[in-house]
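There are two complexes below, and they share subunit A, which is joined by subunit B in the first and by subunit C in the second.
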Partner chain A sequence: MAEVRLKNVTKMFGDLTAVDSANLTIEDSEFIVLVGPSGCGKTTTLRCVAGLEEPTEGEVYIGDRVVNGVPPKDRDIAMVFQNYALYPHMDVYNNIAFGLKLRKMPKDEIEERVNRTAELLGIHSKLDSKPKELSGGQRQRVAVGRAIARNPKVFLFDEPLSNLDAKLRVQMRAELQELHHNLETTSMYVTHDQVEAMTLGNRVAVIDEGVIQQYAAPQEIYDYPSNKFVAGFIGSPSMNFLDARIKEEGGNVYVEGDGFNLLLPDKITDPVEGKSGKEVTFGVRPEDLTAEQTVHEGDETKSFDTHVLVTEPLGDEIIVHAEVGGQEIVAQLDPRVDIEPHQDVTLFADMDYIHIFDKNTEEAIV
Partner chain B sequence: MYHLIQEASGWSPGANWDSLQAREARLAWGLVSPTALVVFGLIIFPAFFSGWISFHDVSLRNLSSIFSAPFVGLENYHEVVSDWAFKFHSWRSWGAAITSVVYSVVSTALTILVGLVAALLLNRKFKARGLVRATFLFPYVAPIVSVAFVWRWILDPQKSGVLNDILLRLGAIQDPQAYLSTRGLALILVIAFTAWRYFPFAMLMILARLQAIDGALYESASVDGATSWQKFRYITIPELRYVLGAVFMLRLIWTFNKFDDIFLLTGGGYGTNVLPILTYQFSFRSFDFGKGAATAMILLGILLVFLGLYVGFFVRRGEAA
Partner chain C sequence: MFKKVRGSSLAYILILPAFALILIFTLYPFGRALWTSFHRINPVLPGNPFVGFSNYTSVFSSYYFVKSLRNTLIMIGFTVPIITIMSIAISRLLIENFYGRGILRPAVLIPWVIPSAITGLIWQWLFNGSYGAINALLSRMGVISDYIPWLTEVLTAKFAVMVAFIWAQLPFPIILMLAAMTAIPSDLYDAAKVDGATAFDSFRYITWPHIRTMAVIVIIYETLTAFTSYSIPYAMTGGGPGTATSMISYYIWSLSFDQLQFGKGAALAAIIAGLSLIFIFAIIKAIPSEIMLEEE
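The block that comes next holds the complex of A and B.
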């Protein structure tokens, strides 16, 4: 096991910058997730650690060693590929044993390791099968088995669950979590699925356009996104963004937009004080909105008067798409509230969990 | 065939002559018959007729009254087998059947080896790859007569022959050599010519398969610790197994049947006499059609064995898949 460190790693493909001076430290036995949209550079970052790509600039450390220029086989890593990349002409036993055989491990030790791995992953009865005779979930287990049998310093996962159906994905996610709990091997995991990122990672790196936007624990990313991209990418349904401006009046600070005028709580006014008139983007998550039946005095300082466009009842919740001052707002509400399309509804924001972003830089202000 | 058409059209003899099914059935017969006639006239009838001739003494004398030619039983076969086709006279002189087998097996193996190396080279990315690929196809697409004569010109026994000229100038030889009329060397040259001419076919098939191999397999092997040779040995070769087998069997059958390549280079002389050329020599040099037909039948017999192996190979593959 080892710490993995990326220092100013840049990877160019011709004129295209896939990874832009990435700095990332994965502590020993930590499980971190790289998440971002397609083409954001997360897989390229992983491949730089694997040695399948050579960084154009910067250093990759595994343990204390700079591994730039070291071929993948000498980095003591194991990788699980998106399409599993099982050797089609070898049975499961040999797929798992292949890396051990190449490392000239004694035969009885190979056998013991393969058996132990197969036992751990529940594929013992499939050792004689060829990959094409296996289901998607079993192939996935073989691919993971091939990685853990070698007992490497670092596991690299490249979207390993994206070829599975939804139900199996949830199950395998839990199994991977348990596996990491048992093995405690340093792991890097690439996914575009924010749910995988939130559930699996000790820490999550959100990447966009080759740049690491934020690298923090999942809850911190959710509660304190560092910019508008992270705020919009993490969370489902996505955070609402409304054009607004700062207004100071009578010692209070408000954020004001078409159809709303919200009083900011004292504890978060510091960063915006004295910036009256500044154009900002106001953000609030759909789950931080509620619809009250009765409106009390003073409530107008934390509410939106909206007109409902569409409702999506999901059983355990209802997603309401509404309009406020010409901008769309989505709320995730208690399913038992009585809301119909084309109805006017007052939505209340939990002002402890609102976000304000600079309109130009899109960096978080509050 | 009748049965098939009947089944396809749902027509039965009791149905109305003018019914839709009957008209469709007549159309089907009409569409099939030109091909059927050509196949029967040019393939099936000559094959059976050759079989008949091989048991009779047919020569120029009685060609006009061929059906009264005397029946000689297995005599033609006996003479061909004992004198010409199979006999191993000495290391310097083999029967045509042995030459045929040596020629086709060795040249096919060489074809595949060269094709494999070429495919592996052309599978890499480099500048002007398309141009190089097209150039490599040249031996296969150029007319056989022209390329055979280019080879003969290079190997010409006179001082003006290209190879002789070069070697003489280099001082490697004192006198011009007759390469294509040297026993042993002639067979090697014919094998080299065949491998050179047909490697692009093997190359194309292998290249197509190479490009279909999932690149992640190689990456996975890199991570697992494989060297370039081990990747070739444990991934490329197993992935190419079926295409190599199929190309080998196909080329073996085609090469075994080949007449023109050898005939144009050596005319079948100097230890390069193979069964197709022997057939030609019996029939159209000595006009002993009976022996010619018997030789052709022997050729057919060996081809059927190869064909059986080929079909068996694909049946096994079908079961494995």
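The block that comes next holds the complex of A and C.
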């Protein structure tokens, strides 16, 4: 097991910068997730650690060793690929044993390791099957098994669950979690699925356009996104963003926009004090909005008067798409509230969990 | 009207045009050739009497048949393995992403678009004993002191014809191999690298299993092509010196259109068709069944 460290890693493909001076430390036995939209550079980052790509600049450390220029086989890593990458002409046994054979491991030890791995992953009865005879979930297990059997210092996962159907994905996600709990091998996991990122990662690195936007524990990323991109990427449905400006009046600080005028709680006013008139982006998550039947006096400083456009009842919740001052706002509400399309509804924001971003830099202010 | 035609009758109607073409241009000529091989056909004599197997026996017992069959088999024995191996090697190089690949890939196809008689003439010129480019090149490089009469010595003429044949034949197998190699997911090579495979291991465990079915197809196709090769040797050497480069397909032409013995020519053609079938079955038999049964 080992720590993995990326120091100012940049990867260019011609003029295109795929990874832009990435700095990342994965502690020994930590499970971290790289998440971002497709083409953001997360897979390239992983491939730089694997040795399948060489960084244009910067160093990759595995343990105390700089591994730039070291071929993948000598980095003591194992990788699980999106399309499983099982050798189609070998049976499951040989797929798992291949790396061990190439390392000239004694035959009885190979057998022991393959059997132990197959037992662990519940694919023992499939050892004689060819990959094409297996289901998607079984193939994925073999791919994971091939990585485990080698007992490497670092696991690298490149979107390993994205080819599975939704139900299987949830199951495999839990299995991977348990596996990491048992093996405690340092792991890097690439995905575009924020749910996988949140559930699997000890820490999550959100990447966009080759740049690591934020690297923190999942809850911290959810609660305190460092910029508008992270705020919009993590969470489903996405955070609402409304054009607004700061207003100071009678010792209070408000965030004001078309159709709303919200009073900021005292504890979060510090960063915006004295910035009256500043154009900002106001952010509130759909799950931090509620619809109250009765409106009290003073409530207008924490509520939106909206006109409902569409409702999506999901059973355990209802997603309401509404309009406030010409801007769209989405709310995730209790399914038992009675809301119909084309109705006017007052939505309340939980003001303890609101976000304010600089309109130009998109960095978080509050 | 179409509503009335359903199920299998519609299917038969739809394959009718294709079947008609095969009937007219393949089955009828083949049947006609078979018929011809059992008759004596002479354009200046009346009647086409049935002669049984006498055309066959006379072809089999002719010195020229044995000689040209031997030449053809030697040609197959050398060129087919070389073409197969070279097409794999060249495709393996062309699949790499290197500077100039965009020019080199189409350039490989050039021999394919040159009519084989022209190919023969080009190589005849290159191998020419007095003014050929190959002699000029070799002598300037100091490899030879005297010009070699490539096309008029038995061994060198055989060699020259094979070189020209290989050159002309390579493009198609290269395309087949490139197609097979392009279809291999790159993930597999990445996985193999991580697993610790060398370039040779990658070829042996990933590339080869994916292209071996195609290799069998190339071997069969090239065997048949070499078996019926005619224009390149004829354009380069006219079958000479002596009978050194006379191929069996040239013998068909010579019997039929030079000596106007259509019956014997047809008998020889039938013999070649039979031998070709035997070749194909022998090749398929010689190959482990798992390769032929693979879908991937």
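One rule holds for everything that comes next: the second predicted complex is superposed on the first by the 366 of 366 C-alpha atoms of A that agree within 3 Å, B and C clash if a C-alpha of one lies under 4 Å from a C-alpha of the other, contacts with A are read in each partner's own complex, and residues count from 1 in each chain.
Basically, a contact is a pair of C-beta atoms (placed from the backbone, for glycine too) under 8 Å apart; a residue touches a chain by one contact, two chains touch by 3 or more.
Predicted model only: the values in this text are computed from it and were never measured.
Q: With subunit A superposed, do subunit B and subunit C clash or fit?
A: Overlaying the two complexes on subunit A (C-alpha atoms) leaves subunit C and subunit B clashing.
Q: Please work out whether A:L52 is in contact with subunit B alone, subunit C alone, both, or neither, and reply first, second, both or neither.
A: A:L52 sits against subunit B and subunit C alike.
Q: Examine A:K73 and indicate which partner it touches, taking first as subunit B and second as subunit C; both and neither are also allowed.
A: Both partners, subunit B and subunit C.
Q: By the touch definition at the top of the document, which applies to A:G99: first (subunit B), second (subunit C), both, or neither?
A: both
Q: Which partner chains sit in contact with A:A85 here, subunit B, subunit C, both or neither? Use first/second/both/neither.
A: both
Q: Which partner does A:G251 reach: the first (subunit B), the second (subunit C), both, or neither?
A: Neither subunit B nor subunit C is touched by A:G251.
Q: For A:G315, is the partner it touches subunit B (first), subunit C (second), both, or none of the two (neither)?
A: Neither partner.
Q: Could you give the residue numbers on subunit A that contact subunit B in one complex and subunit C in the other?
A: Correct list for subunit A: 50-52, 71-73, 77-79, 81-83, 85, 87-89, 98-99, 102-103, 146, 150.
Q: Report the residues of subunit A in contact with subunit C in the complex, numbered from low to high.
A: It is residues 50-52, 71-73, 77-79, 81-85, 87-90, 98-99, 102-103, 132, 146, 150 of subunit A that touch subunit C.
Q: For the complex, which residues does subunit B have touching subunit A?
A: So the residues of subunit B in touch with subunit A come to 214, 216-217, 219-227, 230, 234-235, 238-239, 241.
Q: For a test of understanding, state which residues of subunit A touch subunit B in their complex under the given definition.
A: On the subunit A side, the touching residues are 50-52, 71-73, 77-79, 81-83, 85, 87-89, 98-99, 102-103, 146, 150.
Q: Along subunit C, where are the residues that touch subunit A in the complex?
A: On the subunit C side, the touching residues are 185, 187-188, 190-197, 201, 205-206, 209-210, 296.
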